[in-house]
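So, here come the structures, one by one.
What follows is a pair of complexes built around chain A, which joins chain B in one and chain C in the other.
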Partner chain A sequence: MSESRIDIRGVSKLYGPVRAVNNVDLVIEGGSYCCMIGPSGCGKTTLLRMIAGHEAPSAGTILIGGEDVTHARTGSRGTALMFQNYALFPHLSLTDNVAFSLRVKGVATAERRMRAREMLDRVQLGHLAERLPSELSGGQQQRVALARALITNPKVLLLDEPLSALDEFLRLRMRVELKRLQNELGITFIHVTHTQPEAIALADQVVVMDHGLIEQAASPREIYNHPHSPYVARFMGGQNVLSGKVESVAGTGAVVVAPGGMAWDLPEAPGVQPGQEVRFSVRRDRIRVVPDEPARNGVSGRVINTEYQGTFVKLALETGSGEEFIITMGDEAWFARPIRVGETVHAAWEPGMSHFLQGSNNSVGTPLED
Partner chain B sequence: MSRSSGRTPVLTPYLQVAPLALIMLAMVGIPIVTVVLLSFWQSDGIAIYPEFTWDNYRLVLTSPVTLTLFLATLKYAAITLVATVLIGFTCSYFLVFHVRNLKWQIGLFLLCTIPFWTSNVIRMVSWIPFLGREGVFNQALMAAGLIDRPLDILLYSDFAVVLTYIHLFTLFMIVPVFNSMAKINPSLIEAARDAGASGWQILWTVIVPLSRTGIALGSIFVVTLVMGDFFVVRVMSGGQSASVVSAMKNQIDQLFYPEASAMAVLLIVVVLMMVSAILRIVDIRSELAR
Partner chain C sequence: MTQSTGRRGAGFWLLAAFFALFVIFLYGPMLVIFILSFQGPTGGLTFPLRGVSTHWFGDLWSSTRYGDLGGAFRRSLMLGAMSLLITAAVCLFAGLAFRRRFWGAGPLFYLAITSLVVPGILLGLGISQLFQLMGFRLQWWLSGLGAHLSWTLPFGLLIMFAVLNRFDGSWEEAARDAGASPWQVLRLVTVPILFPGLIAVALFGFTLSYDEMPRSLLTVGGRNTLPIEISNMTTNVTTPALYAIGTVTSVISFTVIAAAFVAIAIIQKRRARAKRGA
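This part shows the complex of A and B:
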């Protein structure tokens, strides 16, 4: 067993009557990049903090490298946490910040300062070693936080929304750097985020959470192409979620009919019964705009918004389902025949594109309002 | 901007500081100048002559009593400082890091200030029936069989003086220390714990250094208050001990104003040196701006 593999077994965390994390089971392979994603209050940060040892689980066990660390002391379980606001010590120079964990372990001054310098060089901040954190930019502070976390040689690096305080440009640069660093070190990274592109771009494994539960844990491609529930489809984006009643079942497939009468073919919908209300998703970029109303596997609606996005154009339709139906089309196709707001548009897709959503979580993926 | 830079752009900032400057001049500047002037005048114990002389300073600086007085006062200040730092730091630590609930924090903080709702004199005098020979404390000790005759050291002693100082001035330490401790980002403590620091290591490497502005400010309050006191020394030592200012008071009572003024100037110099030493250790200005 890899020494940086993480096993989370039946872990719950209760704050009074609130279940912040609810009986979660998860395996994170050693040396992988795992992104936990979900809206605020979904329990992702609590789960991260339990792995780090800053919170004790109310129930369940956490294993790192096969060793039970559920109640092991923070700082002695092979994890290092990088805090959202970096939490650099304002009274210490960068060198002393990075050397902090060596200092509390009793490493001699000269040696710990030398090792801290090496680590600062590694994040390209060697020339600022004697500055105070307040004299640095946000991006530089983040590198210091990273250096401080890595100097302990952790088996697992935990990152709590590491990029959220940076501007767009720096965020993209640091994203690349995080991935490079993870490849180089070969240790497990667990990265909490609420930004979908970040998770998709970085992760080997994406863990989508909601209300203290894991909705889906899979590779980014799997999550994106085969979302488990309407919530995952909506939250990860790029999908339209449609619903209707099952009309007939044939083999593993089914035919679903919309309230308006349109029939949709679901190639894979195991276990559904005729008459059952089901939901499925269709990728926005797999939908064509067609001149006439299609007989099957399509929708019609009034255009309520168009958005030019450079390489594609985003078209929002009002179809009467209560949820916007979004089509992304190539910019050339759109400019060849621009579509105005208010026009009625017909859309169609191949039957194989409809993906049945097994999960029942139908929330829209926005944070709870309490 | 364009409006204010119209007619008197140069004068405006001066006008803005004028009210405070005038008050400071009238309440601080003039009295100090008077004292300094007076310290160079002559007197014969009956009248004061506005004629320049070094005699007052010669007398003050060559008298062995001066050194004794300053040492005694510094001793009071040092003991009081150590005690108030320890108590102030502990109380603030408890309020900030153990009482997480804001309501309780404010409630307990107000509790600390309750003694200050009465006058200094009452708070000070209230120690007398407690510490006296026939006082509550002695009687309790005797009733418990711990001692067989009353402890004389409790009242009218240096102990009583220092105890009263601590009682009167601890709040001046708690407030600034609490203030700077409350500003410590809790995630710093988590970061320290994440790095493997123990409770004591967190205290020494994170909390104490980040509270030092408050400790420095509180120290300035406590030191200047103790150095400038004469009333507590006079009452609580029962006239057995003296401080710089109580000696000054004696000289004033005997109408040796110029001599008292010279002593006052010397005290100001000493206190200024102490304050600037504190400021040299902790850069309060930059830390407050943090």
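This part shows the complex of A and C:
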């Protein structure tokens, strides 16, 4: 599968003085499902378009399957791009839309139409083969776009926010469909999204971007459990970010003290110095509500909101840190002793749950949750 | 409005009367000329009709009193056809180019539009002076065509902008992504999608040229175009043949437009047929 591996080396893209993509290095393994995620304007779409060849990098090289394609012509580098708005040709029938790439290669009419029909059957649209795109629903148009991209037998399929134009129900269904397709074809998928659950659900590798930089590129589990920076922790969601001053260092661990005096143990915080300001994260679902104020590894705060989510209840605390502290607790525990807005609540967690955040990007992020 | 919804207010009738006046003003004169062109052989330039005949149409072709009417007509058609082709081709590529904000795009655009604002008669005078200065002879197919293009090109460009407003650049990107060369993108995607708009641009090129007068006056040289010939007739012809030529030219204009619509219909039918069967 190494023929569809992608190496991005030192790639930058400048629009005037703006660095849309800033000296990015990234390896995407052949045959993997990669999701690029970040807020609008973080450079993820620009990076995708450079891989597809619709933009030329200002600096750096892009290799596909070991071959330098930095300046290779679009459409000759083994990639196929599925556009966000699908970009189906309005004057051509579905068959001719799907057969388009065969037509420009000079494949005879009968053969290309036959192959296009097979591809349309594969996406369950064979019965609409002679319709025009304007006669289809959004979900159908998307499947045509997929068929048109796949008929070129690409090594790499690039998807630019493929699910963003669909309603909730279709989005979940197409998500499953995309994953199934990728397993079946065994080619590399690169999927740009700004939706965190989409990335977590689909990807073998998640690439979190911000301001033209890659903040972290790792497996979804790694990203979720060991976020690199406060930004990644906040953007991917499910975490609380806390900050304090290092009081003492012992081995690779450290003790951090909050402005209010609470002490937190960080089991792994290599390289920190006493007196240093540090940040760490704790997963929302690993926090217990306790009856008394804990001595260490906890917080206390006033409940400002409770939200019932079916299998769990979300509790938002005001702790005086300026950032909401969120606890998710099992619905049974909550209903056994409901907690009202305005009450003061004590929370605690095991020291091992505190994850030191090495990265310095402290932006708030905009965690979009579906 | 406290009245019931079934009753029309005074505003409605006022606007309706205004609209009726507008329609009469628009089509009344054309209708008068159309009717008077069928004046009997002994009739004059005004009502009443003295019988109904096609005498004056025949008179147009047989009589020598009207100068080189046939030649003028042929020249105007040729000029219109040349303007049509050049306007469509140039405006297509100019419109596509202006989508990129290339260096100097703003000044270039205003430079192109300026010739719409300059009085046509002055522009014509300038062209004739320039030609004589450079030692060229004024010819309807050269200086005359240039004068017409100074009118049809900026107009066509403005229409092209409106047409391109609804054109999504990602269609071209999708074509490139599928491996199409620049020529294939243009031939298989850009032009077919823009085609109805291009026909509108081409028709404007024809009709603007076909009845162009101020720019033509001083630039066509020794041989007149139809509007100049007709203008001359109004001063020295005093028979209903004047109306007959008006009717004939109007019919030709409508025929060209009808032909364009038929062409579009045929293309669409052909596409529909391609759509139905492999």
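We take it that the second predicted complex is superposed on the first by the 364 of 370 C-alpha atoms of A that agree within 3 Å, B and C clash if a C-alpha of one lies under 4 Å from a C-alpha of the other, contacts with A are read in each partner's own complex, and residues count from 1 in each chain.
Just so we're on the same page, a contact is a pair of C-beta atoms (placed from the backbone, for glycine too) under 8 Å apart; a residue touches a chain by one contact, two chains touch by 3 or more.
Source: prediction; values computed, not measured.
Q: Is the arrangement of chain B and chain C around the shared chain A a clash or a fit after superposition?
A: Here chain B and chain C cannot both sit on chain A without a clash.
Q: In the overlay, answer first, second, both or neither for which of chain B and chain C A:Arg148 touches.
A: Touch partners of A:Arg148: chain B and chain C.
Q: Between chain B (first) and chain C (second), which, if any, makes contact with A:Ala110: first, second, both or neither?
A: Once the two structures are laid over each other on A, A:Ala110 reaches chain C alone.
Q: A:Arg288 in the overlay: touching chain B, chain C, both, or neither? Say first, second, both or neither.
A: Touch status of A:Arg288: no partner.
Q: Which holds for A:Gly75: it touches chain B only (first), chain C only (second), both, or neither?
A: Touch status of A:Gly75: both partners.
Q: Please indicate which partner A:Ser93 is in contact with in the superposed arrangement: first for chain B, second for chain C, both, or neither.
A: second
Q: After lining up the shared chain so the two structures overlap, which partner does A:Glu130 touch, if you call chain B first and chain C second: first, second, both or neither?
A: It touches chain C, and chain B stays clear.
Q: Have a look at where A:Arg171 lands relative to chain B and chain C in the superposition and call it first, second, both or neither.
A: A:Arg171 sits against neither chain B nor chain C.
Q: Touching A:Asn85, do we find chain B (first), chain C (second), both, or neither?
A: both
Q: Looking at chain A, which of its residues have contacts with both chain B and chain C?
A: Common interface on chain A, chain B vs chain C: 52, 54, 74-76, 79-81, 83, 85, 87-91, 100-101, 103-105, 148, 152.
Q: Please name which positions on chain A make contact with chain C in the complex.
A: By the definition above, chain A touches chain C via 52, 54, 74-76, 79-81, 83, 85, 87-91, 93, 95, 100-101, 103-105, 109-110, 113, 130, 132, 148-149, 152.
Q: With touch defined as at the start, can you tell me which chain A residues reach chain B in the complex?
A: 52-54, 74-76, 79-81, 83-85, 87-91, 100-101, 103-105, 134, 148, 152
Q: Which residues of chain B touch chain A once you look at their complex with the stated criterion?
A: The touching residues are 185, 187-188, 190-198, 201, 205-206, 209-210, 290.
Q: Would you pull the chain C residues touching chain A in the complex into a rising list?
A: Where chain C meets chain A, its residues are 168, 170-171, 173-181, 184, 188-189, 192-193, 271, 274-276, 278.
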